[in-house]
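Several structures are given next for inspection.
Both of the next two complexes hold chain A, though its partner changes from chain B to chain C.
Our next item is the complex of A and B:
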């Protein structure tokens, strides 16, 4: 089954964050709680953990892209 | 609140020391104070080639390092005291919560400091401290600089006049602010060592909370220093993709150079100048790793004694 993981809202006024690094490549297995990517907003680098376990099927953004909170970031293939 | 002493002024060691403690101490709140010899430290997602002039810094013997938090480029020297606060992450991004105890301690020591902008500390309108954060695994790292007695001339030369507008790129841009040192604003003068001691006494009053790393932990810090902070992959390889273009004159002739770089590897290089073999330049530059040492060698091959002059045009 495919699950979309969304960009979290890191503070109430957040309108977007920069996806600055992918920590997993497409095809990599991912455990819930494992770091998946990093987002920078307001001089804070936030390491974002996967909320589900599965295989990273698709990175929906490139490093450097501005992503709004709530927007899908990754597609995970789960059991 | 506990603290550890790095006992080092090596910038590579100190960044590794801070990261090691951030990832290993999971429960207690930690406060660190540390100083480094002259260096430039860029944010986790910054383009080194835009934020500083790598060739010029290399010639001056000032290393460039990449840290794990966000934000912009900062200059460190022994007159600058860095602090790090590590706590459990609670709620969203909030600089006020992290800055309040530091501000209070500064005011206690007699520094007429106040918060300014989102994450700065100022005396009057002049900045004395900038800060940035990293949040990972439920822990928050908040760290900042404290300009106490730093070489502001060098800081200005490197970080304000040192921008490179030949670079087109994504990545976090540094802000340019008017800065001042803390020392001339003190009612009662003190050395940077005294300042450090008094700040630490206020932040970590109990001597029992002053810890030391074990020999094995120091070995792990050294491993992290060598494998990450001294590595080309971390410092240069993480530079966001960019294109570079510079027009000028070299050896009395018109000069134009352009290239792109992705993950720190040069491509699409073109050097157009009657005094340089363009075919050889493209061959040497394409596939080269972005770094001043490597570029300096290429420039020497291309221009011999005029290599350093060519280097300034290429980076």
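Our next item is the complex of A and C:
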């Protein structure tokens, strides 16, 4: 089953965040709780953990892209 | 935006954050974690830890380093003390940290709300320790007495930065007044553990850091926290530098050598981050 993982709203006034790095490649297995990608905000770099386990099927954005909160970031193939 | 150094990476789990945020929302509670956009929010919420910000989320001052919204705050919520105690119980906290925006609009600076909240926690959460991270309350000794008489285990008030940068960074506060608050509380009740903290990365020198440590030690301060200043937005006070973990280790050694009983010094150390460790650390020394 395919599951879309969305960009979290890291602060109340956040309108977008820079996806600065992918920590998993397409095809990699991912455990829930493992960091999947990094988003830079004003203060720090946030390593966003996967909320489900599965295989990373598709990275929907490239490193450096601005992504709005709520937008799908990755597609995970789950069991 | 300057590239963030490797040591400013934090983990973020959406479900854990949402769970704690929902609980706090149901009880109409604010946290400094959210209002200050704290980098440790993800880690702390995941561990079911939060620092409550009583007395609203709007501040009557406008310090240039701080993310808390300046504005006209509402009157204190009479249900807040009980709600904080209920949340502390639900989260299973063993050490509760209470802070507030500065309430220069209230005659007592919010002291009575602090005292009521400490008492509500005492009544509802047996064995739980409490830390009050207060404003300077304009050095109103009657107001400070109200907080002291509630007897939190730790009384915390931050000097925030070295003497030379006070006017630029926190124009409505005052270094001497903050020292006076710490001195007064310790003298009034020597059994209180007193605590303060400051940021590095605002442009201070190592010599000024040493002077700050001497100044707060001279007023009897037991616990010191040292953390990296992180600019909340480009409109806030400009960041001068990122201090390295080695720098923080050196500051820690400097502070311990000078005589502090406990020092938390790390890039992401914050006033209330792992605050129970400071309390336990001091007690281990007894």
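Definition applied: the second predicted complex is superposed on the first by the 78 of 79 C-alpha atoms of A that agree within 3 Å, B and C clash if a C-alpha of one lies under 4 Å from a C-alpha of the other, contacts with A are read in each partner's own complex, and residues count from 1 in each chain.
The definition used in the following text is that a contact is a pair of C-beta atoms (placed from the backbone, for glycine too) under 8 Å apart; a residue touches a chain by one contact, two chains touch by 3 or more.
What you are looking at is a predicted structure, and each value in this text was computed from that prediction instead of being measured.
Could you say whether A:51 touches chain B, chain C, both of them, or neither, answering first, second, both or neither?
The second partner, chain C, only.
After superposition on the shared chain, which partner residues are touched by A:29: those of chain B (first), chain C (second), both, or neither?
It touches nothing on chain B or chain C.
Give one of first, second, both or neither to describe whether A:12 is in contact with chain B, with chain C, with both, or with none.
A:12: touches chain B and chain C.
For A:63, select first, second, both or neither according to whether it touches chain B, chain C, the two together, or no partner.
First partner only.
Pick out the shared contact residues on chain A: the ones touching chain B in one complex and chain C in the other.
10-12, 35, 38, 40-47, 49
Sort out for me which residues of chain A touch chain C in the complex.
For this pair, the touching residues of chain A are 8, 10-12, 33, 35, 38-49, 51.
Can you tell me which positions in chain B touch chain A when the two form their complex?
Residues in contact with chain A: 43-45, 68-72, 92-95, 118-119, 131-137, 170-172, 238, 240-241.
State the interface residues of chain A toward chain B in the complex, per the touch definition above.
Interface residues on chain A, with respect to chain B: 9-12, 14, 18, 20-21, 35, 38, 40-47, 49, 63-64.
Taking the complex as given, what residues does chain C use to touch chain A?
1, 4, 8-15, 17, 34, 37, 39, 42, 230-234, 268
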